[in-house]
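In what follows, structures are represented as structure tokens.
Here come two complexes built around chain A, the first alongside chain B, the second alongside chain C.
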Partner chain A sequence: MTKVFTDGLSFAMPLLIMAVGAIYSEKSGVTNLAIEGFQGFGAFIGALLAVLLMNVMGEGSQAVIYLAMLGAAVGGGVYACLHALLCIKFRANQVISGVVVNILAVALTTFFTSAANTAINKTLSNKLILGVSKRFTVPVLSKIPAVGGFFTNMYPFELIIIVLVIFFWYLMYRTRFGMMLRACGENPQAVDAAGGDVEKTRWIAVIISGALSGIGGICFAYSLLANFSPSIYLGYGYLAIAAMIFGNWNINTTALVCLIFGLAKSGGYQLCIAMKLPSNYSDLFLMLPYVLTMLLLIFFSKKNHPPKAAGEPWDKGKR
Partner chain B sequence: MKTKGHFLARRLNGRYASVWVSVLAILLTIITAGILLLIMGKNPFTAFYCFLQGCGLAPKTNYGGGSGMLSDLTDFLNYLAPMMLASLAFIVGFKAGLFNIGIAGQMLISGFAATVLVGYNKSIPAPAAKILVLLVGIAVGGLTGALVGFLKYKFNIHEVVSTIMINYIISYITGFFINNNYVDMLTRTSRVCSPESRLTLTGVVIGGVNCKVPIGIAIAVVMAFVVQFIFDRTCFGFELKAVGLNRKCARYIGVSVGRRIVMSMAFSGILAGLAGVTYYLGYTNTIIPKTLVSMGYDSISVALLGNSSPVGSIFAAIIVTIFQQGANYMSSMVGVAKEIASLITGILLLYASCGTYMKMMARGALQKELDRADDAKRAAFMAEEGGEEK
Partner chain C sequence: MSEYIVEMCHITKRFPGIVANDDVTIRIRRGEVYALLGENGAGKSTLMSMLFGMYEPDRGDILINGRKVTFHSSTDAAAENIGMVHQHFKLVDNYTIAENIVLGTEPMKKLLGLFPSVDMKKANEEISELSKRYGLEVNPTDRIEDVPVSVRQRVEILKMLYRKAEIMIFDEPTAVLTPQEIDFLLSIIDSLRKDGKTIILITHKMEEIKRIADRCAILRRGKLIDVRPVADTSIQEMANMMVGRQVNFKQDKKAASFGETILSVNHMTVKNEHHFDVVKDVTFEVRKGEIFAIAGVSGNGQTEIADAIAGLMKISSGTVTLDGKDMTDTSIRVRAQSGISYIPEDRQGTGVVMDFTLRDNLALRKYYREPFSGNGILNFEMFKGYADKLIERYDIRSGEGAKTFVRSMSGGNQQKAIVGREIEEHAKLIIFVQPTRGLDIGAIENIHSHILAERDRGAAILLISLELDEIMKLADTIGVIYSGRILKIAPADEMSSEDVGRYMMGVKEA
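Coming up: the complex of A and B.
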């Protein structure tokens, strides 16, 4: 039972940071279906950095993980500039741009992972092998029955993500910049009239979105897969988007939704083990988060309030 | 340089602007890919020629026994058929303003259904089996597509999110059934289906070489013209386009938008289903469990490159398929990882999606040119006026 909570949280946290990234972009008025690509590309840069650093600092060094996270954030942020360029400067269709960015990310990372492996390790493999992050247990809290599972065997990145989410929550709902960002998604003309710079705000928002998604990606690579390979494109970016829609573009509710997703996934997996089903059946349980997403969307999409101006390129001359 | 810019600007504003955008996108992609190959220390010209050789569009230096340029060409056509159908599927949705990125999933489920229902049934004779395969593909694909449309219309679920979720659900479910019931222990893929039901005629000898003749390519070309006809000449096609361009306006002129959304997704699903059966019961003849084909995304590149015109997508499909299908041979000859094919497709998609910007730039450039001409004329006129006064 504790395992359900432990695994659930370690899945929910990367999902949450990606969803927060998606919220930032969409709240500023840029539809963002590119989360999947951002997280993959960010994770690739982080993983590449980690592999290079591991050769220098030794296999077991834990500092590598934090540097990899930083690398992933930078990588994701830089890659997000492509989406920003297409959507804001080139005024391309934002849905198309999102899909283009995703497809390109898969192609780029797959190709360069093979290329990097040939260059660094002299092997023909499409995986960058990473270490596994050390875990820790919070002393007192973990003793609480059932819920204590949240505090056992935590990954350090979970703490980092919680701090980041609180920071970005504050930035969005309690600062002048956050106010302007949200206004850009609702009524950019008003922002422009008030002397704000709509394009600049949107650029910043999309880059934040990429950086946060990159962090989410490297956390998946480090915790769940222990390597970087094209199999990182499991659709978790889209799950994050679904969480955002279900959470009605609000960070608080989205956090709750991510937790539900995480618990559904780990719960299904533990159920499969508990029922002692053959390994083939695990496929059916792996399907659970996706089915759950569909069901939740069916019940909650209708009364949602998406940002009004999301999906429209900003045109100064338009009334 | 100036004249060249002028030339392009005029072309990008002219009647065939969209065609020129695609041509420009292809040229830019080839240049980018060439630079990439140069950086990796390979000769880009050899590499591009190898792509053509791998597709049977240029002769290779030597062939194995019983195979020839024609067998490579038929292989190429085998892959081209589902690619064209898949991109048509995308186009039909796209014209109605719907973004069907679940084509890979729709292909998989219809291919799986046709394999299980018809492909493993050895008693059905050849022509009936082939027709049944097509019908199953149409039915299953259409239903899956209609479901997405229904979710969009009834519950306001964005089709991109729902199709992705359905993709994964389909991939896990079919993977589960294949692994449990239909797996070939040796290859770890599903068992091959009967030759009667396969949409590719194998072992046909043409001119002394073994060829695999695809029936799908004929279906694909016919469908391209059918779709073009529907959009150009029928009320249904017009209504779909109206829904895609402006939903509110369409409702105002009396189109039942919800029903059209469901129908266009169903139509899109039907075409994806056809693509699925031509892929899984034609090109491969077996299904790898838990794997979605990259064609689902490649078809988006094809559709955008073909400027979402059904007939234009035939040419776009040929271009993209050359890269996808020729990659293996190119990889073995030049020594570049074959994943470069997807990278090239991605770059192509990137440039194709900048079409609006290209046109915008061209319009600006042309406007500047006109202004300059205007200024010159005015200056000349003023000078003349002044001269007369004196």
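Coming up: the complex of A and C.
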């Protein structure tokens, strides 16, 4: 039972940081299906950095993990510029751009992963092997029955993500920039008339979206796989988008949805083990979050209010 | 200090294909109400958009208080204390009134003495105080999506006052208001003038200029025609200068002669997609040779009445009969073939297919029938001949005649095409929804004369319009709708526009 909470949280947190990234982009008025690609490319840059640094700092160094997270944020942010360029500068169809950016990320990272392996390790492999992240248990809190699982065997990145989410919540809902950003997604004309810069705000939002997705990607790489490979494109980016939609583009509710997704996933897996089913059945249970997604879609999508101007290119000169 | 607060000298602005402003020079005195009069596309809004920093002029200078300025954005203009109420309000629907007003200039506080954050409490207090001082009562914490149009306009005015604007530009401010709301707005403008503000009023309504403005500049096709003191200029003179020819205000309207009942709507209720009753228990009749007009403030259910009669929306209870036949649950095509023609409100979305040619659009009501098609094969010779006939008869102007894509035509000519196509069906009932919205005087005259001609032919006409002037001019019978109910039905000559306006506000007994 403890394990359900432990694994649930370690799955929910990277999902949440990606969902927050998606919220930033969409709230500023740029539809973002490119989260999957952002997380993959960001994670690749982070993993590459980790592999290079491990040669210098040693296999077991935990500092490498934090630097890899930083690298993933930068990588994701830089890669997101492509989506921003297409959607904001060239006013391309934002859905198409998102899909293209995703496909391109798979192709690029697959190619560069094997190229990097050939160059650094002199091996032919499509994996970048990462170190193992240490885990820690919070004293006292972890002793609470069941829920204590949240505080048992935590990854350090979970704490970092919690701090980041609080910071980006504050930025979105309590600052002048956040008010501007949300207005950009509802009525960019109002922002323009109020003296705001719609294009700049959207650029920043999409880059934030890429950086946060990159962090989510590298965290998944560490927690689920302990390596980077094209199998990182498991659809978690889309799951983050689904969480954003059920969360009604609101960070608080999205956090709750991510937690439910995480618990559904770990709960399903533990249920499979508890029932002593053969391991190939576990895939069936891993579908739980997606089945949940579809069910939630049926009940909640009617009441949702997506940002009104999302998907519409901003054209100042439009008459 | 210079005599003029704003000077725009020799301004020229080009857009691809058109010269929006051609060497226009205007000088505005401090504390006056200066009107800009012109038809749609005359260049009024473009000129003011340059003063507000939304565009930069290709040539010419802007001087504020005698000092030359260059505006790259509306922020630059705001720094010179210029504010603007746009025709389409620039408001964020799901923000509160206060949030909209302070957007970009929010009062700040330090959270935990450390983190800068927006101080909405202070903003709400400031807005509340400001709104009381100028008599523009609003509740700062209401959301924009929950308040009516007239309140949204107040929010826009407060936005300018909050930003300490001294020069206030109003772009067609009365287009969306009832007569009573117009009175209120004009009194606000008057008190702003007394407060020392300089007001620039963009409009195409001569009556308002007469009532409030000191001087009036007339623009036509991008050129400045004249600047006149309003007191010495008659409405007729203004209109002639605006249009460039003698304008006939009186439409030749023959006395109506009503025949038998064509359309009869009985206790009709219509629900919208949220299962909310938007039309409630509405009953009325339209007779042969009668123009029955429904007046009301936008969003009170009038469009839904038209959609329900035409078959675009389902009727949840009640009946609609056409010439004695029950139409309540029939398909759109059955209704169309039984004699209903429909000129919808959303002309580009519902009225035409934008990426079809004019020829194909004109045939949309006929393409499936002989002789336009036989055995499922379209006869394009027939299409072409028919289109040419209509283009001539209805004076539809376009770049390449029948093969012009409708998207590239002006709004007025798109509307003429729809009206022509529908009238040619010689229907028993013709429904016009907002038939002249956004059109210039020439096109309006054209459409109005067609509406009257159809009435005189013996069609029953249901006219739905937000323009009270249009209703007063054309209607034989007026029904006033408020919140989904028809509050009053009376012959047009028994109601003044003030009476209609009162019912539009929901007052039961005028």
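We take it that the second predicted complex is superposed on the first by the 317 of 319 C-alpha atoms of A that agree within 3 Å, B and C clash if a C-alpha of one lies under 4 Å from a C-alpha of the other, contacts with A are read in each partner's own complex, and residues count from 1 in each chain.
Just so it is clear, contacts are C-beta pairs under 8 Å (C-beta built on N, C-alpha and C of every residue); 3 or more make two chains touch, one makes a residue touch a chain.
Quick caveat: nothing in here was measured; it's all calculated off a predicted structure.
By the touch criterion defined above, A:193 lies against chain C but remains apart from chain B after alignment on the C-alpha atoms of chain A.
In the superposed pair of complexes, A:301 makes contact with chain B only, with no contact to chain C.
Of the two partner chains, chain B is the only one that A:92 touches; chain C does not reach it.
Judged by the touch definition given at the top, the superposed model places A:280 against chain B, while chain C stays out of reach. Legend: residue contacts after superposition of the two complexes on their common chain; A:136 is shown touching neither chain B nor chain C.
Of the two partner chains, chain B is the only one touched by A:238; chain C is not.
Shared-chain residue A:176: touches chain C; no touch with chain B. Of the two partner chains placed by the overlay, only chain B lies in contact with A:104; chain C stays clear of it. One of chain B and chain C touches more residues of chain A, and that partner is B. Comparing which residues of chain A touch chain B with which touch chain C, the overlap is empty. Interface residues of chain A facing chain C in the complex, by the touch rule stated above, are 170, 174-176, 179-180, 182-183, 186-187, 189-197, 305, 308, 316-317, 319.
Against chain B, in their complex, chain A makes its touches with residues 33, 86, 89-93, 95-100, 103-104, 106-108, 110-111, 114-115, 118, 126, 234-235, 238, 241-242, 245, 280-281, 283-284, 286-287, 290-291, 293-294, 297-298, 301-302, 304.
By the touch rule above, chain C contacts chain A in their complex via residues 15, 54-55, 73-75, 78, 84, 86, 88, 90-95, 99-100, 103-106, 108, 111, 115-118, 159. Listing the residues of chain B that touch chain A in their complex gives 40, 99, 101, 151, 155-158, 160-162, 164-169, 172-173, 175-176, 179-180, 290, 297, 300-301, 304, 337, 339-340, 342-343, 345-347, 349-350, 353-354, 356-357, 360.
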